[in-house]
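Chain naming follows the written order as A, B, C and D, and within any one chain the residues start at number 1.
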């Protein structure tokens, strides 16, 4: 197993999928070079018929992917920055996400819409969106957002093979991650979460670039005698409610960390969805760690202010523990024990 | 006070605002006639310089409103069906919602983006969206969604006078509502919820076209001896957390009814936001009544299947009551009493 | 052209005519849910264009899509059932009038978003190109849709990639209740020129003229020489959508409508066939009768069909992997 | 033209030149956060076009916006501070290089979305029209942006409403790392023709030629005769964005870059002024020195300025009513 970077892992999966299935084609701006490296160099192996550099016309190549898929291709559309989904939103939300349903199930649309997502260091308000909750709400789109090179590769293979439009969001803050990854292609099923760290006292669900600081916080909390279970959903649609609910049923405590705005965000959804399922197990109010409801600012200290960091996670975990030890009815507290 | 229809109430407010401020202009397709009646006839009073019929070019008239506002107008942009926001989403989410922030507060963008929203009877998947949660998540947009002619008029006046982009969503299912409304313009401040019915046992937060069935359910539940408080937020951004939280603090029970999809929707957000504020008061898990996560189908029985109706509301209220009487710790149950 | 082929064109135009008149009637009776936009008066465009297509070729359509679907070979019975929202409709009642789709006929869908089909057509053309097939896609869109920016994007993309796509603008003079000319600069077919794409204007009420122009464009596309923009000038006899009188005052003069009815594409073609093929006159009557009967049968089929079970609202969001 | 005016054009071009070279230098030193796209080589376009505008006229700009802002009168000190992300920047550090805005100068903003400013420019033109002002808006956009559909939409809208907008395409031959010609059908200026809009091509390296074309277009717009599309052919000397060498291999030949540097708009104009106004030669040196000094001062200003307090991240989302 070679050590590969986050984007390289996706590149490997894409390249292997192109070998395996010649209907896989790449569409997007500058995809021969590719700003993020996911498509870089593929043109040398697969040629310009399958690696299609497009003009700057997001609506048309994103919508073109729908027609191309309906007519027999498996397009990988490189939308570049996820802020640009908005430029092609009709084609995503009114077309790609609707055509199968409106047709009564006649059409399969095996499309991957790939974009780098989230703040990447002072890229400012039009290049730093994390629009996953918007895409989750759309219905008709699968949405994945990995946090490790291993997951990135396995999810990419699954996304390309999936017969539905899959939004694949590569958190740009993870670009420097590097890890050992099997050379051969493998699939991580869409909809399967992963326990990144096993723990007993508190469940922390973390998305994408918040997985590393949450793991960091968990390691530090261990030293304080607090055992944190860290779950990465990896795929937001479908969502692995079972795994998350099972964890909270054990721990009784939930913190969700999502690098995105709060209002109608994924963090609130995860809290609402888990609460519905395991209300009686909750020993304290679930906490969410998100950005405030503002656009992403340019200046480094301002951008940083939005961030959720390991300290925030630790504080939230302690708060949840405090609250539950203070407030739970004696009977329940005794039964569960709390740190 | 004359009896006016829902859309007429908005029309009155718009007409009055145009009288009062000659920088208010209307942009949109067929706005001389106006499919919904909100702009109908204004061209006779205000002429074609201020009532601008546009080509079918949503991106450009929606984005044009941004430039026009920055250069001194107060545009009322008639986007027609709210599904069409997706066609102009870059201009909404990357431009209108960002320009003031990115400029460090230099610009005011007094724009109203108006659209009819939600299912209106077999209009199918591309004409029936309720995208309010997507717009709530965007940051930089105010979002209103009234449920009565009175509120519609007062919110329209406030929206036009507001110095920010306001998304004004007129639920098409309410088109036939008719009620007495003052002839003079008046403002309902954005961010103020309204208690549509006072009650003690359960708080039901209902949006737009779900307010009438919720009120119906509340009336019927009264006969069963259950007292339901019905709150209409009216404005989703800003949101009147105080009023809703105060109500739940009293009732200890929350049901949210939102005519929209579930995942990352407003219902989940309201539950998450209220839970954060009044966790200790909650006597049972909050319920959300929403559509399932599917596009809106065409066929009447399918479309109806998505609906939240009075029966669903009653069931949810009974469930919340049952659960709280079964499960709350004795001390608390005694203190509050439950039906 | 062989006379059989001519009669077939007539048959399809008459099928659309009869279908749409029946739709109007049913709408007035309150039998059809949702929005309905009929194609009356524009029959020659769809029929002329689709007459040079193969079953494996694709079309993308619009909110006013019944004529395109019929011309591409759709069966009126499941179409009608779809309009009723019935389980036996093309889309099992999920789509309705604005979303009829039959992928087995290459119909990638009517579309409720004005301009929504334009990028899809380019994409279908790309699939043919990449896979080395000699398929062609015809992209129908309205004169109002010509002001959506995706037209520029798709023309550019199709030109540089020489995509086998025919962009067919139905210039019926109106976009909803507004004369297109009021809000449209210049002539639409000329929008092709800057991209080096042939742009041609045809009489959209003359099925043979449409067919000729389409044939040239389709052949060119099949030969790998790229896209063409055709502007077919025509007129819709009916309102923008059925029932609009309820909320829109008149926006066209009687005289204007009558002047176009005098150039009715169906009756004009019938007269021409009568003149040119006098010995087959009775067959025309047979066609009229047969189409009338088949549309009546379609209505019976649609009426008899069940509504989909409510729970089906939850199906068909995602395809199963490996299904 | 008066020689003072000529010298002023030179001054502004030199200001952009010096500013951008300093920006490159600072970027290499790792002093500037985020993406930075410099305008080196294209100075004549912004300066020529803005030289015929009034302070109350508007411009919309692009991701490569420093030149437009300086040409429209922006002060290099708060610009530089903005690039540093400092509190004294034009946008208090909220916007950065891609979002410099100064509404008091009619600068409606650099824009990180390719094509994002095009509808806004039409809207600013509409404001002038509706309010009966004789203002003009210049919409700068790149040759890559010419493939965004909003161009068609805005041209159409501006044509039918005779909006006082000048669409100014900066044809610098590249969109990121791809030659524009590879993915762009035909010539961009010709895209105006179908709308009945004048489309003209100018040498974008000749400030006087740009100025002449802009003057004609701006006068026409002020007279209420509507929009013009100008394609200014030019070249960017630097990469698409600073630091791109780190991840992009070369995509232009040395010779190509050198051939354009031989036509450097700033030095060519300088030589011309030296030839035509030999008695003012020393003033050119003074200008060079002064601009150099003012950019140095801008850097000191930017460096000395504080970062905004982190809490400011939460401000400026909404304006207060009545504020």
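Observations on the structure shown:
Basically, a contact is a pair of C-beta atoms (placed from the backbone, for glycine too) under 8 Å apart; a residue touches a chain by one contact, two chains touch by 3 or more.
Predicted, not measured: the structure shown is a model, and the values here were computed from it.
Using the average of C-alpha coordinates as each chain's centre, D ends up farthest from chain C. Counted by C-beta pairs in contact, the busier of B-C and B-D is B-D. For the pair chain A and chain D, the distance between C-alpha centroids works out to 37 Å.
Look at where the CA atoms of chain C average out and do the same for chain D: the two points lie 45 Å apart. A straight line joining the Cα centres of chain B and chain D is 41 Å long. The set of chain D residues touching two or more other chains comprises 89, 91, 93-95, 99, 111-113, 116, 147-150, 153, 156, 160, 182-184, 317.
Multi-chain contact residues of chain B, defined as those touching 2 or more other chains: 54-55, 57, 59-60, 83-84, 87, 90, 94, 101-102, 124-126, 139-140, 293-295, 297-298. In the complex of the two chains, the chain D residues touching chain A come out as 33-35, 85-86, 89, 91, 93-96, 98-99, 111-116, 144-145, 147-149, 175-178, 182-184, 247-249, 251, 307-314, 317.
Those residues of chain C whose C-beta lies close enough to touch chain A in the complex are 58, 60, 89-95, 99, 101-103, 108-109, 111-113, 116, 118-131, 135, 137, 149-150, 153-154, 156-157, 160-161, 315-321, 323.
By the touch criterion stated above, chain D contacts chain C in their complex at residues 147-153, 155-156, 159-160, 182-187, 190-191, 193-197. Those residues of chain A that touch chain C in the shared complex are 23, 25, 49-50, 52, 54-55, 57, 59-73, 75, 90-91, 94-95, 99-108, 139-140, 142, 161-164. By the touch criterion stated above, chain A contacts chain D in their complex at residues 29-30, 32-33, 35, 37, 53-60, 83-84, 87, 121-127, 292-295, 297-306.
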